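Should a chain be cited, it is by its letter among A, B and C, assigned in written order, with residues numbered from 1 in that chain.
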Amino acid sequence: MDFSYSKTEQLFLQMVRSFAENEVKPLAAEVDEQERFPIETVQKMGKLGMMGIPVPKQYGGAGGTVQMYIMAVEELSRVCATTGVVLSAHTSLCIAPILENGTEEQKMKYLPKLASGEWIGAFGLTEPNAGTDAAMQQTTAVDAGDHWVLNGSKIFITNASYANVFIVMAMTDKSLGTKGISAFIVEKGMPGFSIGKKELKMGIRGSATCELIFENCIVPKENLLGPLGKGFSIAMKTLDGGRIGIASQALGIAQGAMDETVKYTKERKQFGRAIAKFQNTQFQMADLKTKVEAARLLVRSAAWKKDMGLPYSADAAMAKLFAAETAMEVTTKAVQFHGGYGYTREYPVERMMRDAKITEIYEGTSEVQRMVIAGHLFK
Amino acid sequence: MDKKDYKNVFVFAEQREGVIQPVALELLGKARDLADALGEKVVAMLLGEGIKDQAQMLIEFGADEVIVVDAPELKDFLSEQYSQAVGQIILDRKPSIVLYGATTIGRDLAPRIASRLKTGLTADCTKLDIEPDKDGEPEFRMTRPAFGGNLMATIICPNNRPQMSTVRPGVMQKMQRQAGREGIVTEFAPKFDASKFKVKLVKTIKADKTVADISEAKILVSGGRGVHDKEGFDKLQALADVLGGQVASSRAMVDNGVMPHECQVGQTGKTVRPNLYMACGISGAIQHLAGMEESDFIIAINKDKFAPIFSVADLGIVGDLHKIVPMLTERIKKELEK
Amino acid sequence: MNIIVCVKQVPDTTVVKIDPVKGTLIREGVPSIMNPDDKGGLELALRLKDQFGANVTVISMGPPQADVMLREALAMGADRAILLSDRKFAGADTLATSYALSGLCRVLDYDLIIAGRQAIDGDTAQVGPELAEHLDLPQITYVADAKVLDNGHLQVDKENEDGIQVLEVEGKCLLTVLASAFDARYMSVSGIMEAYDKEVEVWSADKIDVEEGKLGLAGSPTKVFKSFPKAMKAPGEVHEVTPEEAVELIVNQLKVKHII
């Protein structure tokens, strides 16, 4: 058993850490305040190959591992959770399902441009009436002979207004329930497809979260992803992978808040000494540090299993559940340690606390993770 | 090599466009101390074209002798031309010590010479002393900052001659000028090997000199990240104007292109020791402190009460420079009108 | 075009701390990095490679741990990496270091050598010019820009206190580069994936063209007599006051100091 990073991973970590520190961190407060999508960062990441880390070389990717990809999400989220989720949604929710379910033609058509960052990816499952109960899909896809016609809408779609490629779930046969759901690759600009209103959010405010609207949207026949009727299972598997990404986003947020708090409590003096010298600070921080490390092991182990081709559904759920709750706890306490300053925008911990909350909600709420874990436990 | 053959303290008297640089006079001041401690002479090397009439000034600032090399090849500084001339002087005259300014010229020329003569060179010295060694013989000790200014190191060059060092401008004190002081002026004609002149000067582009050399300034109003932008620096400029000082900058504001490199104070910029250094919105990284902490009086204004700049400030103000600086400017104007 | 880039692995002096009691450097936890000016030099070499095509060889002298820095150089786009590592080099000052590097350069094929202006641990700016002299090459220091002209000559902008000298050099030469002029690229992910598939060649002293007596401590004219921490001055007063009170405090002090 080996818990250390490989030499390649260490070199990669050095790169993403310095990229995050120098290119991402300086924009984080602005991205949050202005609710602005960090498109320039995405372009830089594209040039460096960060938008296609686990994509094999024959599809224009870097030929890296899932482990490396989630390290990137963690390091980005450590300084800017918006940037972290942009990469996570792009990689886990758009690239991965094409890579895992696409035909050779689909892979050749979409992966090189997604991996280079020329195109940004997104994923549409959630609907106004189908949240946690994702089986209640109301978007429909009708076979019109030489093409599909999609009608309906999707909400809360990360990257939406900047994305070029969307993995969209739609009901192809209502009578079959979840087995009547199919997955489609929808491109920006397809007739009848438009982007609806942008959500104003509590956290991750730069991630361009919008509604997708399909009004007699014409999608070519060859854009069906995977077999007909397999959309729900593709979506669930995609979310299993996505959860590792969100878990590492949560881990990054928690680590970022730890970093800030360690720095602050060493500098801040009250009653004549640094507040890091108080045992209350030390004991609470020790507990938080332990939880962050535990979350890291869960996240890395889930990514390792995915890299190895082992089942990882429960592992991903446990990683996300624990990392998300850890992120919420760490950021809440980080604000507390910062006192009044922590509640102001002078310090990044209030943003981190707002950002952390979403990790308990999207790509399956913490309740859903418990359902998944229990499902594996009692099957 | 017999060390006893090597005598006298030589100074490379840097001139640019015919103007003797202040660092040359500072070096003469230090060379005077060293030569007196050794019972030797101070000799200045003055290279250029049409610069001979400046030799007397070097004598009045402490040189006993000035070796003038007046040649068209030396009109502008070019490494090989200057190395040949200085190298030949040193071989001919065998000085025990040679000092250069740690300027772009000195830091280009001195290592070239050191490598040519296979001797030691200590860079960017802040302190030079003659102390007795273990045998009671006078030993030249060169002290310089290392590890980004975190540590000081004293270097010796026990077995090779000459012993050479570059010295940061603004560190040593020049002598009070003694008008009419007497000394010798010697001319030296090097044998140039023009086949080695591979680098040609195409042109010189002068930097936009809105600011004079900050290392000469008595009062500096310096800005860091907290100044934000050019408009912020305008506020600092207004304050500098009423105080009769100049504006300087931290590395951060040079790296992001707001201020020119000539304004940069610190390890990779200039060392300054003005009478007043006002640090506005500068956190005070150790590299910055290394360039300014010798200032006589330091005032720091910073929003962050934990900023390390406060550890070197004589007066620290926790507050918003964007409010304080304009108010202070107005107030000083009124004071001066009184 | 064959370009040699000299790089050094240095402790990141921006995070170096001094033990206040012992007065020694606390090395623990201080990351080792590629010296920033050297990285700027590598960036210049890679830009010349991008524009005109070139073979970029990075060379370094140091302990085996410098391997990781050379992998970084390979991941950034260098073609070949050589590490000079031998106990015989230990204790070298700048003259002995530049001499050893010259021995390596002499057995390599090159048209241009690029070094950083100075290393952040020593800040001497000496190795580049000393290396140029050992190799009898023209040098241009403080380089802010360089391009290849149609006649094959190199046109170089050298920064100095007054502005820029534009210089033209014919034939082989050595440049020392400012990091601030060359914003170095990041390693690419695919470069990282390949970095450990390439070889970092480790060379000992007997593979290069040198006289052994001029290496390491024996070949170093300068010696460190002593090192000590910088004396810190006692901090002054810090006031958290209104802007009006701040102005009063400052004006009073300026009067006391006879500045106004």
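Operating definition for what follows: contacts are C-beta pairs under 8 Å (C-beta built on N, C-alpha and C of every residue); 3 or more make two chains touch, one makes a residue touch a chain.
Since we're looking at a predicted model, the values are computed, not measured.
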{"item": "Chain closest to the middle, measuring from C-alpha centroids that were averaged per chain", "value": "C"}
{"item": "Relative to chain C, chain with the most remote C-alpha centre", "value": "A"}
{"item": "Length of the line joining the C-alpha centres of chain B and chain C, rounded to whole Å", "value": "21"}
{"item": "Inter-centroid spacing, chain B versus chain A (mean Cα positions, whole Å)", "value": "54"}
{"item": "Centre distance in Å when chain A and chain C are each reduced to the mean of their C-alpha atoms", "value": "39"}
{"item": "Residues within chain A bordering two or more other chains", "value": "none"}
{"item": "Per-residue overlap in chain B, given as positions that touch at least 2 other chains", "value": "none"}
{"item": "Residue ranges of chain B touching chain C (in the complex, touch as defined)", "value": "16-17, 76, 79-80, 83, 103-105, 107-108, 110-112, 114-116, 118-124, 141, 145-160, 196, 198-207, 209, 213, 219, 243, 254-255, 261-262, 267-268, 275-276, 285-287, 293, 296-299, 301, 305, 310-320, 323-324, 327-328, 331-332, 335-336"}
{"item": "Chain C residues touching chain B - in the complex, by the definition given at the top", "value": "11, 13-14, 16-18, 25, 93-95, 98, 120-134, 136, 138-142, 155, 158-171, 173, 180, 220-230, 232-233, 235-244, 246-247, 249-251, 253-255, 257, 259-260"}
{"item": "Residue numbers on chain A that touch chain C, as the complex places them", "value": "7-8, 10-12, 14-15, 18-19, 47-50, 52-53, 57, 62-64, 68"}
{"item": "Chain C to chain A touching residues, read off their complex", "value": "68, 71-72, 75, 186-190, 192-193, 195-196"}
